[in-house]
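Both complexes shown next keep chain A, but they swap its partner, so chain B is in the first and chain C is in the second.
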Partner chain A sequence: MSAGRPSAANKKYADWAWGYFFVAPTVIGLIILNIYPIFITLIMSFSKSAQFGKFKVSGPENYIKLLSDPEVGAAIRNTLVFTLTSVPVGIVISLVLAALMCQKIRGVGTYRVIYFMPVIAAPAAVAMVWRLMYNTDYGVLNQVLRAMGFQGISWLSDSRYAMMSVVITAIWGGLGQQIIILIGAITNVSHSYYEAADIDGASSARKLWSITVPLVSPSIFFLLITGLIGALKQFDIVYMFYGKRTAPGLGDTRTLIHKYYVEAFDVLDKTYASALVMVAFLIILVFTVIQFIGQKKWVYYDD
Partner chain B sequence: MENTKARGSIVIHIALIIGAIVMAFPFLWMLLTSLKTQGEISAVPIVVLPSAFRWENYQKALDSAPYLLLYKNTILMIIGRIICALLFSSMSAYGFARISFPGNNLLFSIVIIQMMVPAEIFMIPQYQMVSKLNLLNSVFALIFPGLVSAFGAFFMRQQFMSLPYELEEAAILDGCNRWQIYSRIMLPLTKSAMVSLAVFTALFAWKDLMWPIIVNMDMSKLTLSAGLATLKVSLSSNQGALMASSVIATFPMLILYAICQKQFIEGIAQTGMK
Partner chain C sequence: MRKLGKAFTLLLAGALAASMGACGGGNSSSSAPADGGNTNAPAADAGNNAPAADAGDAGDAGAAAAGALPTDTSCELTYVSWNSNQEEQNRATIDAFNKIYPNVKINLSYSTWDEYWNKLEASASSNQLADLVTMHTNTIEMYVNNDFMADLTDLDKIDPNFSYDNHPEDVKKLYRFKDKMWGVPKDFDCIVLIYNKTMFDEKGLEYPTDDWTWDQLEEAAAALTDKANNKYGFGARNDEQAGWASFFYQNGGGILNEDGTKALLDDPKTIEAMQWWMKMYENYCPPMSTYSESDPQTVFAAGTVAMQTIGNWDMNFYTDNEALAGTWDICALPHPANGTKATIMNGLALSVAASSKNIDAAKQFAAYFGTEQGQMDAAMGPSIPCYTGVSDKWAELNGDKFNTNAVLSQMQYGVQWVGTEAKTQWDAAMNTEITKIYNEGKDITAALTDAAAQVNEILAEEQANKK
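Showing the complex of A and B:
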């Protein structure tokens, strides 16, 4: 052991110093920008607003208010409905499309570029064109429905369809990214599995379900986790479709984070908003934990 | 056999083409609507192609928002966040991955915590910090939450951990110090990961809507996405101009994407994008 030699010890301490030097900007930044705010938000959620933007710790009042606020219950339900429909449906569609794009066909590059376009677009811009397409009187969707002999529907304001409309736009916006990740995973699956299945005469659907899905399950799991967390924080589409407070249909689509935003930066009740965002955090945490426990049952790791 | 194969690939093409139409249609519709009169937009039955290109919608759009400023703010925000993410994340990632010092794991857990917690939890306190610094309505305010990137640190650490140790040992024997090893040997080896992180950071900043509308009220200090959200209210009676605004805010990015789509797609495939 050379640890006793002063030069070696000095070298070790010098290396420690380098270590702290390299991580310092990130660690200090994260403590100021993220760790400290977590505690502030937690404290604020147990406070009431006083004058001049100051806060006084007062107890669980905000959480009690939250329990009796009908908008909160609806927002939690909407958030769950949005998440549990948009994420699984989006992953199934992108899995099928990714599997199709991995077949030996021409023009895959072109398809990939087109399907990826919504990922590049500014959310505000695409939400606005979707809003126009959803218009009850002259929107292109209703015009097509009517031309086919159906009745038009109030996509955004009818409580039966409002959430569905948000979900459709969200799935459309997310497909490209999921497809890219799944194509990467499917390309890595060894051809020998498919060749063996071909010899057994397996159908395409069977191959997708019995070979592709299990072998890319780590990627599906990754998309599920990130998708669920992203969806539980849905804000953009609802905000662009319905604005802040009163639009018809907002009651059926208002998400928890939308409610948080309005309370914090429009109503300006920041302590109440802090309690709301803590609830959102708890829900996300529960989903994440369930996922990590559940993955053992169906995610297949190759190594 | 050959015949069924050919038929199979035709079926696949048909399915993918239908999907592609669904994906591309809103962009096409945005473009077409931006060139129509309000009468054509709200006509029943539908008017698909404008009778004449109504460029005045674009004039109206350009009159209602300072697009050059919005572009400038957006680009400065993206560049600022990319520089911070690349520099600080790669530095800390190198420290976390390659140097053993007391507290390494403990400090890295801060990175993990940040990634587990929804960003909205930080927002009110971050807003108050920017406000206390008297920096609301500034480009700095736009960059602020991106001054450090936990995801970047996590992602780059993964990259550094996969590099062989021999390189580093040889450099230490040659008398290089840690900074020289980091900047001259390790960084060049993670170039493609850095490009991916830059793409990820750019897209994430570009698509962020809530933070810009919180910290910057002043139209001349908004990002494109946030500016559009404001226009939605002020231009609500003129949908042609609204769509023209959307085109102005969307198509330059689409063109940029068309030019460097390889980097975009690889960036997303590599980072997974949160």
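Showing the complex of A and C:
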């Protein structure tokens, strides 16, 4: 590559400089917007709150308070239940739909558009619309149930259904993006595999499980990682559905980040909120590490 | 791949159309469920009462005069507030001020109650507070102690028409710290009982009066409740300022003692009042799911409840809705037969940021705002002007819409809405415990005792920090 160019040493230096120049915007952004705040948050979590974002370093009181706060345990449990149901179920549904939308059927473009629609809407707007649909007295879901002769249910306020309602909304809101990514991956799978399977008489389900899934596993892995991280940070749907404190059903759906938000911006106890968000950070870290170790076993990179 | 490309083109087109729809929808109804406190009511009906006409009406009260600020001053001020249903009356004051100072441009912006305090705290922390800030008793002390507010003691020196003598002491004292004034009294509010005349007529019952007792309320609520048909007598919802708090004080209990150093939540009188309130909730109130899934004003307007407590700041919802005209009215809150009449009352103020770049202009506006003329300009709105004598003008302008006397008479025995520097913290603790009574069936005495213990701990820390 470098043959015929002057002064290899100079050239090397210039390459380095340009390299740093090109990564600088990202690296500087990362330091200012991510890394610096992480350290400040860590320090704040060991501090005592003063007003207007000020704080005094004191000790681990916030973590002690956290252990005795019953809402924290419930929030961690809710967050895990939400994540471990919404992400896997969402990916399975997306995979099946993506596979269907890669078939040669009439109007496939229309289906793709329809499924992508929720991605365009702001998450808060999605939650608002679902909140109206779930309304016990006037919601369209209960009207349909009643028309069919069933009793309406309290989708949001009944502790048996509250989490399910949040999960359904989250899955619906996430489908579009997952489907688009999976369609891209499935389209890239070589047709020769399917032809060979056809000759061996494999069923559609068998082809999906034995050919498509392994070959799109890098994409599934990508969706799983981003999905889990996103789900562990769930806030918007719960907040739009339940507000801050008094709504029935909030106890069954309050997530760690929702609890963090209320402590930081309603109670204005920024240091306790920092401790909560450090816990969330640790949980996300653990999930990510497990996945990166696990991926060696089941992700198939087609080089 | 060509096919996929086509799909993307379609998607893009769809995206444009749908995102516009989504944004519009999101903005027009972006309020999260109400958590109590002042909820945002719909914006005022623009066709109702042209501000210019009203300013003209009020003109005979006294001509506005220029103050210390040169009338040709040119600058821009930012002015923030919550409760956009008061936009019309605030604009009327600004318009009248602009007749004297045509080149002082005042940019008024609104947030919902919840967002307002988040934004204000964030803007204060980054030293970018708006020039003119609507202030509340919950927070004023915290902002004053952190030097964010400008001293407004000497406003009479810059506006000859201004004098603090014209404002009621009850409100002035809320904005006086270190013997200085930090806010110009803006308006009063209180809690009233709103009732659905149609539902009373259907049952042939007498309308509630300003002198009703708890027993009379309960009797009527029982007669009006028909759960099978989704009709309820009294909306005893989980709401602090506009709900249970007034009833604590009526019964001789309360939230905090007078100097704000100790909780009264575990006082037997408070517990008794809460027990009565929860009895009303269990027997005559729609389930909390109804109140958390729809906002309280909608629940009442839909004819689901016959009687409900409401902050007077939310009354625009009804006065501006012509379909509801004549179907409702208000009266004073009922009181216990062996207790006293009481309603939670609060006074708001207009404050000026200490960091304001145009502080002279901002102070000039605050002074004008506090003159008789300035308060007259705003008299047609839902809030009650905080100026001796102007409340009569307010009653006159609103008298054909509802029983304004219920509001004015309650002012005689209103209980000041309590606030201390650490309110955000003890308020959260109190509400969390009371929410457990509603949502988890926690024993009332246990919940209030636990709440008192937590509140006392926070108050003790607040006192310790002051020393």
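Operating definition for what follows: the second predicted complex is superposed on the first by the 269 of 303 C-alpha atoms of A that agree within 3 Å, B and C clash if a C-alpha of one lies under 4 Å from a C-alpha of the other, contacts with A are read in each partner's own complex, and residues count from 1 in each chain.
Keep this in mind: a contact is a pair of C-beta atoms (placed from the backbone, for glycine too) under 8 Å apart; a residue touches a chain by one contact, two chains touch by 3 or more.
Model, not experiment: these values are computed from the prediction.
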_Partner chain(s) touched by A:Val89 [first = chain B, second = chain C, both, neither]_ = neither
*Could you look at A:Tyr239 and tell me whether it touches chain B, chain C, both or neither (first, second, both, neither)?*
both
*Where does A:Met117 make contact in the superposed view: on chain B (first), on chain C (second), on both, or on neither?*
both
*Considering only touches as defined above, state whether A:Gly184 meets chain B (first), chain C (second), both or neither.*
both
*In the three-chain superposition, say which chain, chain B or chain C, touches more residues of chain A.*
B
*Thinking of the overlay built on chain A, is A:Trp130 touched by chain B (first), by chain C (second), by both, or by neither?*
first
*Examine A:Leu215 and indicate which partner it touches, taking first as chain B and second as chain C; both and neither are also allowed.*
neither
*asked:* Under the stated touch criterion, which partner chain does A:Pro248 make contact with: chain B (first), chain C (second), both, or neither?
replied: second
*asked:* Just to be sure I read the superposition right, which of the two partners does A:Ala202 touch: chain B = first, chain C = second, or both, or neither?
replied: neither
*Figure out whether A:Leu145 sits in contact with chain B (first) or chain C (second), or with both, or with neither.*
neither
*Share the list of chain A residues that count as touching for chain B in one structure and for chain C in the other.*
53, 112-113, 116-117, 120-122, 124-125, 128-129, 137-138, 183-184, 239-240, 243, 265
*Where on chain A is chain C touching in the complex?*
51-53, 71, 108-109, 112-113, 116-117, 120-122, 124-125, 128-129, 131, 134-138, 154, 156-158, 183-184, 187, 239-251, 262, 265-269
*Report the residues of chain B in contact with chain A in the complex, numbered from low to high.*
8-9, 12-13, 15-16, 19-20, 22-24, 26-27, 29-30, 33, 41-46, 87-89, 91-92, 94-96, 99-102, 104, 107, 110-111, 113-114, 116-129, 144-145, 147-150, 153, 177-179, 182, 203, 206-207, 209-210, 213-214, 224-226, 228-229, 232-233, 239, 242-243, 245-247, 249-250, 253-254, 257-258, 261, 264-265, 268-269, 272-274
*Spell out the part of chain C that touches chain A in their complex, as residue ranges.*
1, 3-4, 6-7, 10-11, 14-15, 18-19, 22-23, 25-26, 29-30, 32-36, 114, 118, 121, 124-125, 142, 145-146, 148, 230, 238-239, 287-290, 292-294, 304, 424-425, 428, 431-432, 435, 438-440
*Spell out the residues on chain A that touch chain B in their complex, using ranges where they run on.*
15-16, 18-23, 25-27, 29-38, 40-41, 44, 53, 97, 100-101, 103-105, 107, 111-126, 128-130, 132-133, 137-138, 140, 143, 147, 172, 175-177, 180-181, 183-184, 204, 222, 226, 229-230, 232-233, 235-236, 239-240, 243, 257, 260-261, 264-265, 270, 273-274, 277-278, 280-281, 284-285, 288
